[in-house]
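Across the two complexes that follow, chain A remains constant while its partner is chain B and subsequently chain C.
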Partner chain A sequence: MTRDVTLEQMQHWLLHYADQIEQEQATLTRLDAAIGDADHGVNMQHGAEKMRAKINDLTDCHDIDVFLRTIAMTLISSIGGAAGPLYGVFFLRASKEAGPGDVISLDRLAQMFQVGLESIQQRGHARLGDKTMVDALAPAVEALRLATDAGQSTTEALAVASEAAEAGMLATIDMEAKKGRASYLGPRSIGHQDPGATSAYLLVASAAATLGN
Partner chain B sequence: MVNLVIVSHSARLAEGVKELAGSMIDGDVTIIAVGGIAEGDDYRLGTDPMRIHAALEEVWSEAGVLLLVDLGSAVLSATLALDFLTPEQRATCLISNAPLVEGAVIAALEAGLGHSLEEVNQAAEATAQFEKIPRSLNSY
Partner chain C sequence: MIAPANHRPADYSPKTALQKKLINRPRDVVTESLEGLALAYPNLLNIAYAPPVVWRKDAPVKGKVALISGSGSGHEPLNTGYVGRGMLDAACPGGLFTSPTPDQYVAAMHAVEGGAGALFITKNYTGGLLNMGMAKEMAEDEGFRVQTVLVNDDVAQNDPENRRAMGATVLVEKIAGAAAEESRPLDHVAAIAQQVADQARSMGLALTGCTSPRIGYPTFELPADEFELGVGIHGERGRQRRMLASADAMTEMMLEPIIQDLGLTEGDNVLALVSGLGATPLQELFIVFRHLHHSLAQRGIPVIRQLVGNYITSLDMAGCTITLLKLTPELTRLWDAPVHTAALHW
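== the complex of A and B ==
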């Protein structure tokens, strides 16, 4: 059983993510219209388009760190809302953790998600339970770490991470928003699923669909 | 001279604030407007950390740069832009907590007088307490 993840798989991951964002754009917009400014779907759609074009242009890339850094800079410059800097620092930090070369271990992938999550929390000052993307990512990171340490395969580990992200995303429905535009609504934000947690779940679900073996 | 970078989700709002603040300048303060996300020949609403970074590189001097921002993700984008500067540059850049319009106008005035970055920012942030309308007018 190999537990490595290749650069080619990562390219598939983020192309798959771009497709998911396009498919779910209307859902992200609807969720954000309920508790925010209805721009998360459109913003992520712009990021997805630019990301796909960049991946297709980047045929000469042989290092995972260069690839992820390019993704980070592309998202930072194209998303436009808070998600731009936040997904941007996730991939910037993950890129440093990955290092050069075209293959990394599952353990390194788990570490990439861990430090990426930390950089999002540092930047956005969001904690677990604040009804943000952190509520989907943090349970996924923890599940990925536990499954990796338990010796599970990449496919199994990412499947449980994706399930944890989905549960975390659904748990935001009952939360009161503490960050971002939704926090202006106070208790009225309860009863709505967080759009940021939704796009973050899609990122993990795409990883589960593409990085396994 | 302290220079200013105006950050808004709207390209037109950023340009308008620059125009208004620029009308206060007597010295050689440079103001750059960074608004919206470039889309073809036009801009949609949003903030672009890399364009903010480019603006900071362009106007940075040892006297420093004050960033005036509108709301929400403008702050996140501005902080990320600062991360891409050298530590030396970053040490003399400040994101102001001031209201965008009032803060930019006063900051331009203060910067034009040759005041320090801290003085310019304090004056800009103090505009949050400005009484636009005398209370007596609002009492009926």
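== the complex of A and C ==
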């Protein structure tokens, strides 16, 4: 059982994520229309289009850190809103953690998710329970770490991380938003699933679908 | 299935999904509108599209602090309509209701920076702050001097940290723009901008939601006899839904919290801005202004400067926002200074 993750798998991961975003664009937008400003689906789709084009252009890239850094800059300059910088810093920080080379260990991948989450929280100042993307990512990061330390395979570890992200996403329905545009509604934000947590869940679900072996 | 059935947003019927707008393709709205703006103001504006930046034709003005403001599109004339002598040097228009990206600010810096540094005017929204923060870091890495001012004038939000930017944005841009035109240093221009932001408060109400062309259906729908109090400028619902009342009564609901929050007392002079949200006739805005003027006069708080019209909008939302700025003689003088932009000129 190998627990390594390759650059090629990472490329598949983010192409898969771009497909997921495009498939679910209308749902993301409708979730955002309910409690935000109805732009999350459109903006993420724009980022997904640019990301796919960039990945297809990057044929001579051999290092995971260069690849993830390029993804980060592409997302920062194409998504806009809060999601652009937040997904951008996630990949920027993850790229530094990954370092050069075309393969990393599962342990390193778990660490990348951890520091990526931390950078999102540093920039966005959101905590668990604020009804944001953190509510999907934080449980996933924790589950990934526990499964990795327990010696599970990449496939198994990412599967539990994806389940944790999904549960975290669904838990945002009952939360009152404390950050982002939904927070302007105060208690009226309760009863709606957070669009940022939803796109963050898709990121983890795509990882589970592509990075295993 | 990424959302459970009972929490999946309702599907909209084809009838409401057919939007009635003067557009071509929804995805081209922002770009085509900028192209039209460029054609309408050929002597005033330069416009680039990749990334989108609108800047004054005579920039860079040597020795003058550059004022750069970023904002999502859909609030026109904010901010592109405020580019010109006496106000902004550049505007960075984002997507519809979406804050612009950092590379737009950096491109604007290169177009308009005249050697005296730049002031970034930012509205208090998570995305706006994040992108502007990155832009500042990138511009400083290139050796530019940058200061920022945060506008957060919406009293509908109880937590000051969470207050949205509304009409005060226009006042900050006008008054700081006049200060920059006097060749004052960056510190001074930033301090005046901050003073305006600190002394201005706003409140808004909506009679309808708005329809973003990329989405095609309204952000919310209201029964005929209700309105939303405490709305922002992005089509979101307000803090409360209330029963419709007279214009005077509804104006009072916006005015009272502003007066209290600003701590206005008898003898204070104010500037009042009544801005439509996009689909309300001027006729109604003047009715709102009429009551606002009377009500403040009765409290001994004269309105000595005013602006009534569509100055900060939310696409085709019906309703309005009210902004009051507590004036000082210097702020009044800077407000009166000449301005030559697409949307404000005197």
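The rule is simple: the second predicted complex is superposed on the first by the 213 of 213 C-alpha atoms of A that agree within 3 Å, B and C clash if a C-alpha of one lies under 4 Å from a C-alpha of the other, contacts with A are read in each partner's own complex, and residues count from 1 in each chain.
Note that in this section contacts are C-beta pairs under 8 Å (C-beta built on N, C-alpha and C of every residue); 3 or more make two chains touch, one makes a residue touch a chain.
Note that the structure is a prediction, hence the values are computed from the model and not measured.
Trainee: Assess the superposed three-chain arrangement around chain A: do chain B and chain C clash, or do they fit?
Mentor: clash
Trainee: On the A-aligned overlay, A:Tyr201 touches which partner chain: chain B = first, chain C = second, or both, or neither?
Mentor: The second partner, chain C, only.
Trainee: Give one of first, second, both or neither to describe whether A:Arg123 is in contact with chain B, with chain C, with both, or with none.
Mentor: In the superposed model, A:Arg123 contacts both chain B and chain C.
Trainee: Using the superposition on chain A described above, determine whether A:Asp39 touches chain B (first), chain C (second), both, or neither.
Mentor: Both partners.
Trainee: Chain B or chain C: which reaches more residues on chain A?
Mentor: Comparing chain B with chain C, the partner touching more chain A residues is C.
Trainee: In the superposed arrangement, which partner chain does A:Gly180 touch: chain B (first), chain C (second), both, or neither?
Mentor: Touch partners of A:Gly180: chain B and chain C.
Trainee: Tell me which partner A:Gly84 touches in the superposition: chain B (first), chain C (second), both or neither.
Mentor: Both partners, chain B and chain C.
Trainee: Touch test for A:Asn56: chain B only (first), chain C only (second), both, or neither?
Mentor: In the superposition, A:Asn56 contacts neither chain B nor chain C.
Trainee: Report for A:Asn213: first if it touches chain B alone, second if chain C alone, otherwise both or neither.
Mentor: Once the two structures are laid over each other on A, A:Asn213 reaches no partner at all.
Trainee: After superposition on chain A, which segment of chain C among 4-12, 40-48, 76-84 or 220-228 overlaps with chain B?
Mentor: 76-84
Trainee: With the touch criterion stated at the top, can you tell me which chain A residues are shared between the chain B interface and the chain C interface?
Mentor: 39, 43, 46, 76-82, 84-86, 88, 123-124, 180-181
Trainee: State the interface residues of chain B toward chain A in the complex, per the touch definition above.
Mentor: Residues of chain B touching chain A: 9, 37, 39, 44-51, 72-73, 76-77, 79-80.
Trainee: In the complex of these two chains, what residues of chain A are touching chain B?
Mentor: Against chain B, the touching part of chain A is residues 39, 43, 46, 73, 76-82, 84-86, 88-89, 123-124, 180-181.
Trainee: So in the complex, the part of chain C that touches chain A is made up of which residues?
Mentor: Listed in rising order, the residues are 2-4, 7-9, 51, 72, 94-103, 125-127, 130-131, 133-134, 156-157, 162, 164, 212, 214-215, 217, 219, 232, 234-237, 239.
Trainee: What part of chain A is in contact with chain C in the complex they form?
Mentor: The touching residues are 24, 27, 29-31, 33-39, 42-43, 46, 76-86, 88, 123-124, 169-170, 173, 179-181, 183-186, 188, 191-193, 198, 201-202.
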